Structure formats: C-alpha cells, structure tokens
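Structure provided below as structure tokens; questions to follow.
Per-chain numbering from 1; labels A, B, C and D assigned in written order.
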Amino acid sequence: MKKFGFIGLGIMGNAMALNLVKAGLDVTVWNRNSDKCAELVALGAHQGKSPKQVAETCDITFTIVSDPVAALAICNGPDGVLAGIGEGRSYIDMSTVDHVTSQTISAAIIKAGGRFLEAPISGTKKPAEDGTLIILAAGDKSLYDDALPAFEIMGKMSPYLGEIGQGAKMKLVVNMIMGGMLSIFSEGMSLGLKANLDGQQLLDIIDAGAMANPMFKIKGTMLLDENYTTSFPLKHMQKDMRLAVDLGDKLNLTLPTAAITNESFKQARKAGYADEDIAAIYKTVK
Amino acid sequence: MKKFGFIGLGIMGNAMALNLVKAGLDVTVWNRNSDKCAELVALGAHQGKSPKQVAETCDITFTIVSDPVAALAICNGPDGVLAGIGEGRSYIDMSTVDHVTSQTISAAIIKAGGRFLEAPISGTKKPAEDGTLIILAAGDKSLYDDALPAFEIMGKMSPYLGEIGQGAKMKLVVNMIMGGMLSIFSEGMSLGLKANLDGQQLLDIIDAGAMANPMFKIKGTMLLDENYTTSFPLKHMQKDMRLAVDLGDKLNLTLPTAAITNESFKQARKAGYADEDIAAIYKTVK
Amino acid sequence: MKKFGFIGLGIMGNAMALNLVKAGLDVTVWNRNSDKCAELVALGAHQGKSPKQVAETCDITFTIVSDPVAALAICNGPDGVLAGIGEGRSYIDMSTVDHVTSQTISAAIIKAGGRFLEAPISGTKKPAEDGTLIILAAGDKSLYDDALPAFEIMGKMSPYLGEIGQGAKMKLVVNMIMGGMLSIFSEGMSLGLKANLDGQQLLDIIDAGAMANPMFKIKGTMLLDENYTTSFPLKHMQKDMRLAVDLGDKLNLTLPTAAITNESFKQARKAGYADEDIAAIYKTVK
Amino acid sequence: MKKFGFIGLGIMGNAMALNLVKAGLDVTVWNRNSDKCAELVALGAHQGKSPKQVAETCDITFTIVSDPVAALAICNGPDGVLAGIGEGRSYIDMSTVDHVTSQTISAAIIKAGGRFLEAPISGTKKPAEDGTLIILAAGDKSLYDDALPAFEIMGKMSPYLGEIGQGAKMKLVVNMIMGGMLSIFSEGMSLGLKANLDGQQLLDIIDAGAMANPMFKIKGTMLLDENYTTSFPLKHMQKDMRLAVDLGDKLNLTLPTAAITNESFKQARKAGYADEDIAAIYKTVK
C-alpha cells in the first residue's frame, strides 16, 4: 500500500487530509502546531516528525500552506521536504503560489531526484470537506497518474494541465473571469437599484436565465445585505487581475475589460476595502 | 371563459400561442401573413380578421412583434388594436421596445379606456416552446393579476415589476450584465489559449465551479468552434450596452466596466460583425 | 455703412459688442436687463427696443446667450428675432447650443427669408476682451463672407466650417480632446506627487517640452493650490464627453479613452463637483 | 580646469559632446566604434582608450548609451567605468534605464568610492544639437552642483530631483501624460474626420487655443499625411504606459485613463506597429 504524506493542516488542509484518512489511505500528517494532528491521528493517521521525515518515509507528500513564503519554508527550511526527498519519492505542492516560486521548488525537487507536481486548488472550505475541490495539476505526468486516486478523493475534478506553471496560469485566467463577472454584476445591481428595480427580483430573474451561476446568487445576497464578510479577500483578487493583465501584455493581447476591472478593484482597495470580500467592489460603484 | 387574443406569429409568438391553445384557452390569433394561423386554427384557435377585431372581441390581447416600428403599427395602424380597445378590454405588448414606445402605446390604450401592460420576454425559441420564458411585466397591476394564468402557461417566471418602463429597464440591466460577462469571458478564453491552456479544459473547470452558467457553456463551445451563428445579434447587444451606460449617466452612476465593454462591442461592430452572434466579440480580442 | 445688431450683453457679449463699437461699426444693442446697454450707448451704440426691432433694422444681428432655452426664446419669443427677420436680413447665433437647437433656429430663419450662421465660440472672458476669440462658423457661406470683418474684430480666428451643425461638432471634438488631456494630466500629477516628485518641478518640466500648453500651466497651478474656482463647469465638460462618445457611436468609431474619461468626469460629478471647475476631476484621482 | 569624460557617441551623445567641446571644456571621448571620435578630436577633444581609462583620468564622466544592457556593460564590463572610478572621481549616466539598473550602477560606483548621478534626458536630436535638452538629474547633490555648468551647456533645464530613482520616475510620469494626450488626440482627430470636419482646420483651431502644444502640431501633421516615421517607437511608449500603471498600483492609485491608453497602445503593438512612431496609435482608432 502506497504511503501518503500531508503537510499543512489549516482549514483547507485539515479537511482534505481527513478525506484521505477516511478513505482508508495510509497517511502521515505534519503541522507546525502539532495539536492539529490529534483528530487525524485518532482516526488512524500517523504523526510525522518533520517535513523532512514525512517526505523521507512517504511515497507521495502533499503540502498546502498559505503563501509562497510558507511554501518555500516547508520545502527548503531546516528539516524541510527537500532534505528528505530523493529517487522514488514525490512532492505535490497544492498551495497557491506564483509561477516563479513554483518553478523554484520544482527545480530543487527534481535536482534532488524526486518528482514534482504543482496542484493549486479552486474551491473553499465546504468543497474541501465534501471532497469536491477542483485541483489544477501540472508538472510530472507519471506522478499525476500515481496521485490521481488521491486527487479523486479530495476533488471532483483534477485535470492534468501540462508543464509546471500551467496550473498557476489556469488559476489566473479563472480568477480574471471571476473578477470581471463580479465587476459588471456590481454595476448592474447598482444600476437596477438606482432605477428603482427590486434587488431580489433582479437576482431571481438572473437566476432563472442563461447567466444563472452560484457566485451571483451568493454575492448578490451579500450586496443586498451590505455584508462583505471575507471569503476571498479583495486585495488578492486585485493582485490576480494585475497579474492577468500583465500576462496579456507579455502574450501580446489587449484585455480592456480586465484592465478596467483591475482599476475598479484598485479603487476599492484604495477606499479601504482590501481585506473585505471581493464583493466589496460594489461599494465603489453604488 | 375569458377570451384571449394573440397577434404576431413569428418564431416566438407561434410557440407561445401554441402553448396557450394546448392549455385549452380560448384564443383568437392574427398574423400579417395569415398562412401562419392554419396550424393554430387546426388545434382549436379562432382566426381573427384584424388587430382591431381581435382587440374588440377578446378580453386580453397579447402582441409580440419584432421592433418598435412594428409594435406601433399593430397598435395605431388602420384596423389597429387601438381602434378596437375600450372599457373592459386589455392589451399586453410583449415585444422588446424602448421606454418611449412603450409609454406612447400605454398612454394611447389607457386614454381609449383600456388597460395596458408591457411584458418583454427574456428567452429564445426553446424556452418559448417549453413554456419556460421569463416574462418581465410592468404597468396595470389588476391586468397583471388577470393575465397571470396565461403568463404561467407561457413562462416559468413572470414577476410584476411596477409602473410602465420598469420592464424595459429590467431587460436593459440584465442584458448589460450579459454583455459584460461575455466580454470578460472572451478575454479570459483568449488569454488562456495564448498561454497554451486547453480551451475545453478551461471551459470544464469554469463549469465545475461557482461561475458555472449555461451561457458560458454554449458560447464557450461556439468560440472554440469559431462558430458565430446568430442567436442574439451583436449590434443589438451593443445598442443595449450604450442605452445602459446612458441610463447610468442619467442616474448619476459611473459604470466603467460597462462603458469599456460597450467600446469592445463597438469595435466588433466596426470590424463587420454587427449581424453575427454576440459571441463574435471574441474575434476582436483573440 | 452696414448695420449690426448685438443681443445678449453678458460677460462675453458685452466684451464682444464693445470691440465692435470701438472699431467704429454701427451697432444696435439689446439686453433683457437694459441697464447693461448704458456703457455701450455712451460709446456710440444705439439702443434697440426688442430682438424683433433689432433684427428688423439691422443687416446682420448677432446673439450670444447662455443656453439653448435662452437662444430659442430670443429667436421665437414674442418680439423675437424671427418676427423681425426677412429678405435681406441675417442672423448669427454665437451661443453654444446643441445640434438640434441650431437646426431648429436655422430652419425658421431661412423659412422667413433670412440668412443664418451658427458661430459658437471657443475662449473665455480675457480673449473676448482682447478680441482673440476662436469663432466656429457654419451655415450660409455668403453671410459668413459678409460677417467676416466683424468676426475679425471679435476673434483671432474664424474658420468657415461648412453646413449647419459643423460648428457644434467642431466644438464637441475640441472639448473631448480637452477633457481627455485633463484626465491624463490629473492622473500624471497624482502619480508624480505620490512618487514624491515635486509638483512645481513636474509642471516646469512639462512646460519646457513638446507637450507645453497654456491649459496645463493654468490647471496645474490650480491643482497644486487645490483651487477649483469655476471657469468651465465640470458638469458641462462631462456632458460634452458623453455627447462626443455618442457621436462616435453613430459614426461607427470606438473611443475607449474618451469613454473612460467620461466615466472619470461622471465620478467627479457623482462626488459633488459638478459645479466646480473641470480641474476638480483631479480630486477623484489623487 | 576640470576634466570631463564622454562615453557613447550615438546621435544624441555626439551632439551633446560637441556642445561641451565647442564651449571650451576639456573633454575626453570614447565610443565602441572609434571612428565616431574623429570629428570631436579634430575640434580639440582627447581620445580615450577605454571607459576605464576615461573614468580614471577625468573628474566627471558622462555616459549615454541605448539601453540598460549597454549601460551595465559600460559600467561593469572589462575595462569598464567601475574599474577606473574611485575617490574624487564621478560618474553620470544619462541613458534611459529602469529604476533597478540605475540603482545597481549607483551602488557599485558609490561602493568603489565615486559619486553618482542618474540624468536621463527628455528631448530628441534637434534639442541635443541646440543644447536645449531637459536633463532629469537625481542622486548625489554635490556632484549635481559640480556638473551643473556642463548640464547648462547641454540643456535648457536640468532640475535636481532628489535621490536615485526620481529621475527615472519623473520621465515615466512625463511619458505617461504624453501617451494619454496622444491617445485622446488620435480619437479626436478620428472623430473630427469621420464627422466631415477638415483635419487641418481642426489642427489650426487646437493650435490657436489653450491646448496648443508642439506635439499636437507635429503629430497632427503626421496623422493627416499618414506618415509614421519613427521618432519615438510605439513599443517603448507602451512599455512606459505599463510601467506607469504598475507604479500606480504600488502607490495605491487608480489610473483608469492611463490603463485604457495602455490597452490602446497594446492594440497598436498587436496590429504590427511596434516599431513605428507613437503616432501610429491613430491607425487603430480611425
């Protein structure tokens, strides 16, 4: 039986590891604060001593941490994954990091004789618990094939996207579309309300037609309630809009709607809504 | 039993009238080219002699024609609806017309003693056949209540939106959001393809997440196939974008994403895609 | 000697008529508040009794009033110019009015047997006093030729622009460029100041190069002083931006920079700066 | 008498060095292709053997080369300026380079005991010949004071802008305003011509008013002649627009007009006009 490692037991990681354990896989977990391991160990997981030891003793080690700095620390730090990796062992980083960080980690792991995949995820707490995440995998194809059974436990969809970097790019494109949708949606809601239309009727009509989508339903209710509880921080979306526009620049594409949506998110950031939910873009329009 | 009139048996009108007849209502139909009445009459409809005669003999007369000019002609022309309307008889115009046309017809019908509703629809041929249209009704509330059973046969949703003009405004807001969504979606598809992502994978990933909506599915496949068969002509969408931006101007709202989307549709129109489907906006971005 | 009429002695009109009188022309003046005529009469002008009487007794009558409503009243009102015009007499409206107003007045004057020119001006109080206005004349070419000596007294430049409406369009194009220049200038000043550059140095550097222009000098100082004393009200500029974008729509042109500048002026209007100077656009950027 | 070095005798450098020599200064020149030194030596300049030897033997050495790569090579290459610099000797780089390149060179020179100024210039061949450049100096203030007499020979204006990096930022802000002016000007010219206004009249009217500036005169004639002979390559302007928008992002500013102007220049670049003059932006609008 294959041995899996799982590093990083935050809200997302904990739910994902739990699904692996419940599915009967052999899982060794590690977290900076080891208290978080208790529940998983009680359900049958092994407790790792360090990222190094996890990588050393498992066939495939997953990591999901909060940002590029943390991802680099888990890999390169003292007792890090890199120190434990080698021929026959594999590493899959599911954190959302930029292109350069991903390539840095990939190169180091491969040089040490291991295999590597980047696999950022799309989805929040609920899909993590339900095992319905979207996993954007890119890098070593043979590792992808080996990891697929585990991906299928954690997610409902885990396409193989090609060489390292394509996972990050896919996420950028998807987020750019999300940002643009939210911007025109906010403008439409503002226009409707100013024109004395009923906000709930407007939401219901959209929800009954070809544009119906879960995001408008959720964010639409937030707008009407003036509730901007953060699920996706606005400043992160603005950063993604900027990166997407810059990618278009490099690829010789004009992206006017994305460029102006970026300005709208910047305006919201400037107005002090950086840490509120992306839905707070509405406040600069209404 | 209430008598209903139905004027205008184009693709939409024919399907809608058919549903009324099949539901067992007493329906009198009229069309400029009377050949189109045959099928309905065979199923039990009466054949009207003129818009005037239909309005005169029915309690509630529906009309759906192609544009404001046709709508005005059906109402005001010789043997028009106006000549047949009066106390106790009602008129419901389901054509998509501008605010001013709608108010002109409304004022004339009311002056002649009748009741009036504007009820533009959202939806295409298939929902018309299936009786799943979205009907955006506004005007006389008592007429709305009387017409509701017929609306419920033709549509899956027919909210009452308030005074005359609110139906047209709701449609404008909905179309503005649709145009903006299509613009950012086209930019995202272009960016993805230029970045060597697989188009179908991108569509699948969007379709699996919070942004999943029928329009992206349909238009996305059209973009990948470079198929711009017209279902909603691009020039009409551009006109709606312009009207929405102008409405924002009147209501003291800034709508930067809508304004720049309008420019993108104008660019597509200028490039010669006015009569192609709205999806042809993609051709100016890719 | 040719007889000239001059109606409307506001800040602009008074200075313009004064130049005509000082140049030795035979001028009959009229103003709604007749007190304003005194100075001119003391210098040799005749005092008219009504717009009708001025038009009746003069070869060429000029009018400059504040808006379309006033321009229509002077022409069509009781004792208006139209009542006095006829074969051999001519009317030149120098007010800034829209296309439709201009054509309405033109048609009425021509129908009454007179000749007509629209001649909106570009320039403010100082150029009016100095006789250095820019006069944008369009309409009857023979009248233009007859009026040229008077134009040359009032302005430094008075090109003939073609048929009625071309004067208004020229002014729209010029103002659209002005609005766009001011928008990018405001953004540049904001960026410079935020980047810790010295505002006055930035102005001096621009003023020393190929972009040097009087407007940046004047408005630049206003921005640094946070002084928005109205010389050209922001709401009028925003209206012109909107009209220019709409003209582009009719002529099948995309004008993205103008469209987004329009949104910036709308934002300033929404923020409460409608009646401040156009320079107040800066306040929404900084 | 102070000894000056001058490295880089391209179109700009040659004209600038010539002015220093003609003014009677002691100048040692060096160029990769030494043929270019002949004229200057004939007029009294000394011929240097290498950048190292120039820096070693002169009090203040100026360099102006084409891009960051060349600027780094002159400084750090074998026999480069850095090898010759030291206590009591100074280096002034007048090339247009980015922030990072400038700081790299600055740090190296200072570490070696020398003084450093960045001094990018604004202006083209003619002002270089006429000694009317605008010199944007930033860095060591005492060196600025020492170099001022030479700056005043080469330029008409050479403000001291503060610490290293401020010269590059000033140039970015100035170019961003230039790009935006050109974009709205192109849109205005297109709108005017489509509206059947005379292009030359439009230029004349602008040139007579508050917006009159040398750039519109020169570029306006180019547009009417459809002549896009490169004086400032469009791709460089687009790069500056992007950098300016990114700087705004860092400084928490929204720059919608700049962002959309950037998209217009990108569109022109995508259409194949990257190496034509910045005026070619007009071709994507008309």
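Following the convention adopted for this analysis, a residue touches a chain if its C-beta (ideal position, glycine included) is under 8 Å from a C-beta of that chain, and two chains touch if they have at least 3 such contacts.
Values in this document were obtained by computation on a predicted structure and should not be read as measured data.
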Chain labels contacting chain B and also chain C: none
Most widely separated chain from chain D, with each centre as the mean of CA atoms: B
Chain A and chain D: spacing of chain centres that average the CA atoms, whole Å: 44
Cα-centroid distance, chain B relative to chain D, in whole angstrom: 57
Between chain A and chain B, centroid-to-centroid distance (C-alpha), Å: 39
Touching two or more other chains - residues of chain B: 248, 252-256, 259-260, 263
Contact graph of the chains (line, ring, star, complete, other): ring
All pairs of touching chains, each written as two labels joined by a dash: A-B, A-D, B-C, C-D
Complex interface listing, chain B residues touching chain C: 242, 246, 248-249, 252-256, 259-260, 262-263, 266-267, 269-270
Touching residues (chain side chain A, partner chain B) in the complex: 122-123, 134, 136, 156-157, 159, 161-162, 166, 169-170, 173-174, 176-181, 183-185, 187-188, 190-192, 194-198, 201-202, 204-206, 208-215, 218, 244, 247-248, 251-261, 263-264, 285
